[in-house]
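Got some structures for you, see below.
What follows is a pair of complexes built around subunit A, which joins subunit B in one and subunit C in the other.
Moving on to the complex of A and B:
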């Protein structure tokens, strides 16, 4: 079946190529190539390797196991494979790897893809090849704005969620004056804008905001400047990530700024960052997260399974990829096919309730997953009861408020 | 302002220590050691491992880790670098570059890309009143130790016979050889010493900076700019340029944050236009 499908493709190259590249391989089979292939494309060696990386592949494999256990012989596809590739956070590598995964590895869906520029590249490929792409790792809201398309979904978090959760809540809590420091590249600039907007909307003021070199290991200039600004900021909002964030927080503590009445709020904080710094270094710091492993029994139970498999506690990103893979498979099951158009139809507007996505819907107009987010606070080490138990959830931000209330008019699916 | 200048000097201390080692190695062996950043990173990881696996505190690590890595440097020089020095300089260039990547990836494989936790030594947890302003004790300590280290190296180089040979061999290796001094005998220990200095800076960095496999790679680019500004092979120049660059980048961050990313390189370009051999380099070295 497959061979003739390809033969047809080659014979009618000019005319029919588009048709052959897309849907199920040229025949009338329900499941293309006789199997469903999930592909994880992410950073396996660079700065995001610990927040998602290879552990995410394990999480996706767990979704396959759980799906097969649930449906057994009734599963729409007997064979489900998980493939992966490393995009090194570079859009051009993401571009060629995505093509390879869709074309040669027969991937039906690509998952994760951190770094927004790389995610945009994959979204374009997904659109051209009419294949499903569910992005988890990238923060940019453009994925459901200017860059949106029929086959691309944004699943988990975005800069709006981070900024409105942390920026608005901390401002409403009384810290009206902010000093923002952000790394001088696309992600940092985007975060600076969304945070400033959220802070102003909540009635606060951004006293100053400074771009910092990237990467950078010395933030003393900015930290020394903070308490002398007029009016004095009550909180420093840092948009740094990875090693830069660790540098900044270490130095923030050295200058004892908390004792001088300048608090700290972090734009994007992963469990692995807290582990690097030790929870005392960040105690009291607030941030918004899409999931926390020890938040309730349902998430805890999954985290225990993950721990048994990997020896580690999952980051929110890994849990989100598990959920995305599971919901993709469920959509294949409902539609009885892995045909992309049918899967998209099954996902659009679908309501989801699993260990990661709570009170969740995939908004049909822009393919953004709306779900509960969590305003969280890092605990001092005296309250940490077991390894990686660093966080307490202060408040659940309901799905209706956590993300953009309306789809971006720039998005035309 | 004064406080900012002081903070610039602390940042400069790291540049100075690293540039000093690079400079001595370059002068003596003619090798641009691209693995220098990796040894800085290994120094910090050495401190982390000493604490994590053996329970040895910061002070012991500061005494123990640099000599150990210095010995590793000596072995490296004996086994590989020595064999490549007679060939085109590009061979050592490539070798040390490759070595840096391998060392980084080995550490990455073992510890991941996230930073490792390392606390400040308790004795230096507080702040010090410096008269005009108060400052974190640890940073004052870093500055003091680095300055002492640079002065000590300076004294060894200027006041001892060994230093005289090294200095002569660093600045004019052929001429020194011509005077009947066995330069080769001093090459290995000098290489080891340069590596030990990088490791020393790494241990100092552990409590105040992110300890991760890429910490050296990020820093070393600036350090190369420092060495070029100071004048390739000039020992005094690299130290002076180290502190100067620290100062300039701190004040640059304060007044023109938009330029802070490239300020050091603008400075380098300006210095090179004005004095092609660097601030303290000698022109004839390049003829």
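Moving on to the complex of A and C:
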């Protein structure tokens, strides 16, 4: 026992000496550690594993390949690596994983990070470590409000976009009375607030709104209540996501609420949700998305490449991560360095036009990506022509209207 | 005090103490410093659970309330008053001791599984309070950006903060060791062995149990405070029942009633989780669960307990003091 202990000590001392050899690199090199490291931190096993998860890592790798193909020998960094970690949607794990990615894995940027609470944790780390963080997966507008900081970007969507797209557009289309059900945690509460505001602004009324436990598999109390409310709501707005949403939609169909004149609008819906439910379960449901793979030639071309690699069609989240990774690399290329301050300078106010971000700008005041969003509707299976072709885009919401018109004054970069 | 005890237990004790201290100080050189700090915090947390489980015979399944409660309290003090972090941690520990008073008062009357269930129920109540009281605790988002203020010293590097946090852990472990070796601790052991006889001898059993509960909670609170300052973060995860379960698991792995076994269990579990997560293996539970089953089946005294048992049985009969303080039956009658 004691002998192994001393042996361990010796071995440990050896390791220690070996470890001391490679100290941090010199401060003046253009590319830190001689390479650019992109790290994807997201949910790889829980409720958002299908929306982003491991496929997102593939999307980011595609961005690296495309970048290298474009610049070849002229690329600012010869070596570009992609790392990843699973945060299990827990802020505590996100917190320690983010530190680890920046410290141990030499990550220069962290991407994705769904679940707002986890995103806030990573934003705090990014701020302290002065490293770039581009969030795609989280919805909260606080990322560009109270929680914003110089090194954090919000790329893709937020609860404002969802609420003002779906809430306002559906109300203007004549569904004036809403019944909102939302999961009782930060994301749901935030969505309930922004949706209610958007609906009122568009001249509608929120008849009632109910919090549900999270996670939850029985929504019958809330669904059965809907047709009996006074005035009768024309649409149920559900803010559930992932597995909860799947349960709610199944039960909505079992009670045949659509036949009773109560429509369904979904706060946050991903292609993967439609795929797992089947498009008939959601047919006619309207929602706002930041991208759709079959919307036009440019999107489709990329989706085909993605399909060739993974056998699946990409969700909007994956496309957004591709775009974020690509734009980060472009910023490194423009600045000639992966130094965080320089990259931030290159990204701020930059105009972007790629297969994901259309008519896009990164707003310098709050680091929010403004781009076109799409009001979409799920097609019945009779109209679905090929696998994953579940959605038709009803309307493009221009970048200037899709997101907050003004930066939140609470944000001080 | 240390000296007399070590003199009595001979050379082995010295060596082990020195080895332990060297390991504690060398840890952040050997492994990633935040992980090292996690191990230190969990070691103290496990010791606090062992104080109840191994020495008083109470299996608390609600210690997350104290660990996580202190994490919040420490975080709030550090965030809102800007006091140096040692004050915040002390505040957190005092808060948990106060919190443990009513909880302990109501639960120490029970024993065995009932005690475990009642403490679990209280801990879940604390969890829901923390979840719903969003203005204070941040709900889902947790408390973020807890500062590491210490008279203007820059402790932002986790490597240096480890050495700032370590004294609290060592002090906590020392306190636990003193409690166990004191006359008070002997009474606790006698209560574990036979509460009725202890009562017949005139010891107010419930009051002793309550004192042990509060002391244990304060130690758990200290650990939780260091943890939250170390991570700059306090979250619901800390007050969730899985946290209690993890601490109990560390104690069982290391050896119930050994006090230091918890540190071994903590080092094992934390390292394993870190290793598996970095290796991209998602189902950490399968591996830790398997190890747990193997240890429980093969080393019923836990890792440290088995090692110590082998040492004691191989050595010529130990001194009376050792026999009294390290009862061989400690593992067989834990609850």
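Note that the second predicted complex is superposed on the first by the 387 of 413 C-alpha atoms of A that agree within 3 Å, B and C clash if a C-alpha of one lies under 4 Å from a C-alpha of the other, contacts with A are read in each partner's own complex, and residues count from 1 in each chain.
Everything below uses one rule, namely that a contact is a pair of C-beta atoms (placed from the backbone, for glycine too) under 8 Å apart; a residue touches a chain by one contact, two chains touch by 3 or more.
Remember, predicted model here, so these are calculated numbers, not experimental data.
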| item | value |
| --- | --- |
| Partner chain(s) touched by A:61 [first = subunit B, second = subunit C, both, neither] | neither |
| Touching partner for A:131 - first (subunit B), second (subunit C), both, neither | neither |
| First (subunit B), second (subunit C), both or neither touched by A:100 | second |
| Which superposed partner A:313 touches (first subunit B, second subunit C, both, neither) | neither |
| Partner chain(s) touched by A:45 [first = subunit B, second = subunit C, both, neither] | both |
| First (subunit B), second (subunit C), both or neither touched by A:358 | neither |
| Shared contact residues on subunit A - subunit B and subunit C | 45 |
| Residues of subunit B defined as touching subunit A within the complex | 3-4, 7-8, 10-11, 105, 108, 112-117, 119-120, 127, 136, 138-139, 205, 207-210, 212, 214-215, 218-219, 249-251, 253-254, 257-258, 260-261 |
| Of all residues in subunit C, those that touch subunit A in their complex | 15, 19, 22, 26, 29-30, 32, 34, 38, 139-142, 144-145, 156, 158, 231-233, 235, 237-238, 277-278, 280, 282-283, 307, 310-311 |
| Residues of subunit A defined as touching subunit B within the complex | 45-47, 49-50, 184, 210-215, 217-218, 220-222, 224-225, 242-244, 246-247, 250-251, 254-256, 272-273, 275-278 |
| Sites on subunit A touched by subunit C in the complex | 1-2, 5, 9, 12, 15-16, 19, 44-45, 84-86, 90-93, 95-97, 99-100, 103-104, 116-117, 120-121, 124, 128, 147, 185-187 |
